[in-house]
Every structure is written in C-alpha cells, then in structure tokens.
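Have a look at these structures, which come just after this line.
Paired with chain B in one complex and with chain C in the other, chain A is shared by the two complexes that follow.
This part shows the complex of A and B:
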C-alpha cells in the first residue's frame, strides 16, 4: 500500500512538470549572447521541487507507522489486526 | 549484520568520495545549472548510505554516529535562519542584501549560494539520520492478552 501511494505521488509530480512544456522549447537556463529562444516554463518546476520533499516526508512517516504496527501486533496480516484500542 | 564481499568494499572506497564531491558541485552551482540545495543534499546522503550498505552496520556505528548527524542537521537549520534574519540590513525579512554580480559567475545572485549550502547540510544529514534510525530498530513483539 505504501508503494502504491509513492507511485501515485510520482505520477502527479510528473504531470505537473509536463504542464509547462512549450513546443520547440529548450531548458530554461540563460546563456550569454544567445537570443530568440523559446524556453519551457520554469514555474511548475519550482513548485514541484518542494512537493517532492513533502512526498518524501510523508513516506517516512508511513513507514514509521508500519514499523510500529508490526511491533505491536507481530504480523502484517489485515485480518488479524483488529484490536483498535483507544 | 555484516557487509558485502571484498570487491564491493574496495570499489566503495573509491566511489563514495566522488559521490560526495559531485553532491557538493550540484548544490553549489544551483543558480547556474540544474540542481540546488535539495538535490545536492540527497546525493550526499546516498553516498553515506552506500558506505553503510557495503561495510555493515557495526562498522558504520564506529565511523559515524547519530549525534554527529543531528548536530550537522541543526547547524544547517540555524545557518539558514541567521541568513534570513540578516536580511534586515537590506530593509526587510529575508532580503537579498549581498551584491549581485554578473549572470554566469559562481558568486552571484546575493545570498542564494549560501542558502543552497545550508540546505545541503540539512537535507543530507537529515536523510542519513532517518536511515540510521530505520536500521537500528530493535523489534520486540509484545504478546497481547486475549
């Protein structure tokens, strides 16, 4: 289940970056004395950098919770983890 | 938990230093090329993780420690906060007060290289600390009374 969440986060990040594509564009790095180039949009790239770090922190939290569940119940079987105590 | 074979250990001794230098390069040229603080920090943490995987857990506990990684991580955070508070010289919080050179040089764009340096310290040490805590986790399964 954790792997499924991670795959979905990668898919969303890739989609957000691909929104800023312009036809015939190059990577948005300015080089001296070269003009009249079409750059791809760098704005979604700046947003996605922070989103990737947030996804990493969420994954770390999910794995820590899974380790705690194993310590308490001794198994990862869903049908045996039934004792929800307050 | 023991390490891997002798071939892996000899090759890791050579490549781990190059990975560290490459991480510093990616982080410090964040304003010219791709990369920046986050990517450089993760590359440095991967270099340390390679060392732990090749040599085993007991050897890594001799060389590096959790307290050292925590100190480096907090140092990076404090450096970033000091840079933001020093922006009051320019007029407002987190102001870009250092001189901005020409575009294309390394020392340009104000406080951005120093911010990248502090983020590199923090992200690299933080990720290595998380990995150490996951490895040295003693599983003691408690028996529940029915």
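This part shows the complex of A and C:
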C-alpha cells in the first residue's frame, strides 16, 4: 500500500516536470549577450522539490505507523487489521 | 493592516516551534502558550471586522513580489468569516484540551501539532496561490494524521493509517489537477487563472473538474469517499474530533471546492447538479448510518457526513438563498458539532465508556452536560429558535424555489432522521435507568463545562440574533461566492 502511494507520487512529480519541459530548451539562467533561447520553465521544478519533501514526510509517517500497527496486530495483512467496523 | 495577514500563519507556526523546547523546560508552559496564540488569533480575527469593511479585499504580497512572481495572501468576505470561525473553535478547543489531554503523555507534542494544524487551515483560507493552497492543505492534513493516532492504541493507529492512505490519494488527485491547470494557463495565481482559464467546455476542463471534485470530495468526506471519517473521528481524542469535524473537513474540503469552482474555474449547470446530488446522497446515507450506531462518537461522525451534505446541497443549488443557507449551515455546523463532540468527550471522561448501551440516567448525574447536549441536539436537528433552524429552512425553501421538490423532500426527511438519531442519543445516554456501574459518576471538570456552555450559548444567540449575524458576517461571504455563479 505504501509503495503504491509512493509510485503514484512519483508519477505525478514526473508529470509536473514534463509540463515545464520545452524541446531544445536550455537551463533557465539569464546570461548577458545571449537572447532568444528557449528556456525550460523553472517553476514546475521548484514545485516538484516541494512535493518531494511533502511526499517524504507522508511516507515516513506511513512507514512509522505501519511499524506500530505491526506491533499491535502482529501482521501486515490488511484483511486481518479490522478492529473498527461500521 | 495588510501586514496582519501573514501573522495569521506566522504566529501559530512560531507557537508550534516554541512548544517543544518550552515543554522541556516546564511541562505546564505549552498549553498556556497555545492558549495565548489562539486568543491572539481570535482577537485579531474579531478586530478585522471593526477596522475593515468585510466587502473590501485586501492583498498582502509576500516578500514584496507582485502577483505572477510572488505569492499573495488575499482576504475577502469569505476568508474573513472562516478565519473568525477557525479561531473561535481553536480557542475554545485549546481551553478544553488543557484539561482533557491530562490523560495522555506528550502534551507539548499535542499542542505543537494542534498549532501546525491551525497554520495549515489559516494558510488555506488566506492564500491566493494554487500550489501554496496545496502545501498548506498538506501541512494541515499531515498534522491531523498524527493527531488522530495520538493515543497509539491499535484502533487509533488503524484509523489513522486508513485516513493517511485516503488522504494521500486525495492530495495526489489535487496535485495532478494543479499541474493540469498550470499547464493550461501557465500561472498559479488564483486571480490570474480565473481570468485566463478557458471558459468553454472541453475534455481537459472536464478532467480537471473531476480531479478536483474527487480530491476535495475525499477531504470533505462526501458519501462515496467517506470511508475514513467515521474511523478517524471515533478514534481521535475528543478535542481533535471536534476540530476535525467542526472546521477541518470544511476548510480542506468545502472551502476549497467553493474557492476553486466558484471563484477560479467557474461553475457549469452540470457541475452544480453533481454537487447537489452528492449533497443529497450524503444527507441520506450519513443520516441512515448514524441511526444504527451504538458508539456515540461514531453516531456524531456519521451525522457530520449528513450535515456536510446539507452544506453542499445549499451551495449546489446556485441561487442566492441556497448559497446563503449553505454558508450559514457551514458556520452553524462549526458551532454545534464541536459542542456535541466536546460533550461526548465530557461524558467519556466521566463514565469511561462510549457505548450508548452501557449508559443511562446521566441527566441527574451530569446536569450541565445534559443541558448543553440538549441545546446541541435541538440546534442540529433544526428546531427554532436555535441557529440550525434558520440554515435548514433556507436550504429547504431554496430547493422549493429552484423547483427541486424532490431535493426539498429529501432535505426534510434528512432533518427528521437527524432528530431521530439525536433523540436516540439523548434517551440512551441521559434517561432510562442508571446502570449500577455508573453510580459514582461526577460532572466533568469545570473548564470543560465552561467551554461547552459557551458553545451552547453561541448556538442559541446566533439563532436569536440571526438578522444581525447575517448582515455583519454572512452577507459579505455569500457575495464572494455569488460572483462565481453570475452568468
């Protein structure tokens, strides 16, 4: 389950990076005397750094919780972790 | 005055960071720090109403950067109202937790997380940037995952894990939607997206709408996506369930839906139809499931789903009266649902059980809690002169005006269901015979009683002085939403 979440997150991150990509683009660094170049948009890349950090926090929390659940229930099988009903 | 806006985010953040080292020095300090922080937020949120007309929009540019480059904080009628509601509930719940959380260890961690949750909610309400909204949403969500698991018993962990998985999937839906919006418009500023997002329907627009609807719908616990809510509300400590149900699901779910669909992307008749349909399903399913519960916190949790359905039904009608009723019901629900959850916490503190079958006859033993529960129940079931009466009346009248007689009928039926399950709660908890195990039950501690009495009084006062509340607080908020449905 946790691995599934992580994979989904990477997929979305990859999508975000690819939004900003321009074919034949170069680094978005403005240098004197060079104009008319296609730049890769830097904003999505900044966003992805941010989402990676959020994803890291969520994953750590999920793994920590899974460990505590294992202590209590003695299993990782979600069909057996069913104390709550309704 | 614009400089006050970042303080709504910075002050609780500072409080959250300071709580941990202060807790090392003296275990008594963090609760008082949290109280000072929430009192400050409440006072500034109140002051804003006196120094600024709520219709005016004030903008703060973070770091002095103008809109396309920097992030804006925007305060309009809707966000001002929600700031007031959030600060009020946060303040009362903090006072309540000072007593209630005595049974847990690590109180300073609780207050740190609680203030982080406030940072997230205030940030979501104030921000004028789509990605920034996502970040604050995650701050609030991650701190609630931990707060739900605060007891670290088997049930709490299971509920929190379920909430975490569903919440993460919801966040990824929202993030994907944000990415698509950015790829269409090339900007993340909400005002600029509103002006440059293409209005004509198309496949991409439908995809974005569905992504946001599912993502925020999961956060708001609308019925097809509600699986996490009953578990999380039941397992969390009472003050946390009060905040979760009272403000968090509304800020992260309903407010974001309103803001994004009505003010940014624009609504279509089909979307309005889907929203009101989701609302109707939530009313029926939530009410029906609440009726068969025996754990009273679970009963209250299902009741939350049903009441959120009312809010969505009102907003989904798209008429001024419907939106007014929906927004007013949002405020009312933020008053009476925390009241009920805090009452539940008081009963649990005194009797040590949540099972309705194991209780009875508490009306004599806990008279104040009985009166406040009675107030809360009557108010939530929509009996005059309490506040819930007005908002439900508005929603039902708006349904009839819009020609949706079936919707009006279901709303009335939902109201009867609400009355039914609260009568069940009152009967089994407070009347009947007192079981021998509860002979020595005493009234809950004074501070907890003080908070519940305040909330009960607010329910009554808002109902009685309804015209003044509407003029001062509701109308500006409704006007903001109405901008979105103008043809």
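Note that the second predicted complex is superposed on the first by the 77 of 86 C-alpha atoms of A that agree within 3 Å, B and C clash if a C-alpha of one lies under 4 Å from a C-alpha of the other, contacts with A are read in each partner's own complex, and residues count from 1 in each chain.
Just so it is clear, contacts are C-beta pairs under 8 Å (C-beta built on N, C-alpha and C of every residue); 3 or more make two chains touch, one makes a residue touch a chain.
Note that the structure is a prediction, hence the values are computed from the model and not measured.
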First (chain B), second (chain C), both or neither: which does A:19 touch? second
For A:44, is the partner it touches chain B (first), chain C (second), both, or none of the two (neither)? second
Comparing chain B and chain C in the superposed model, the one touching more of chain A is C
Once the structures are superposed on A, label A:7 by its partner contacts, choosing first (chain B), second (chain C), both or neither. neither
After the superposition on A, what does A:54 contact: first (chain B), second (chain C), both or neither? second
So in the superposed three-chain picture, is A:63 touching just chain B, just chain C, both, or none of them (first/second/both/neither)? first
Both chain B and chain C touch chain A; at which residues? 72-73, 83
In the complex of these two chains, what residues of chain A are touching chain B? 27, 29-32, 49, 52-53, 60, 63, 67, 70-74, 83
The answer for chain A against chain C in the complex is residues 1, 5, 8-9, 12, 15-16, 19, 43-44, 47, 50-51, 54, 57-58, 61-62, 65-66, 68-69, 72-73, 81, 83-84, 86
Residue positions on chain C within touch of chain A in the complex are 131, 135, 138, 142, 145-146, 149, 152-155, 157-161, 164-165, 168-169, 171-172, 175-176, 179, 182-183, 188, 230-231, 234-235, 289, 293, 295, 298
Mind listing the chain B positions that touch chain A in their complex? 32-34, 36, 38, 103-104, 123, 130, 134, 137, 139-144
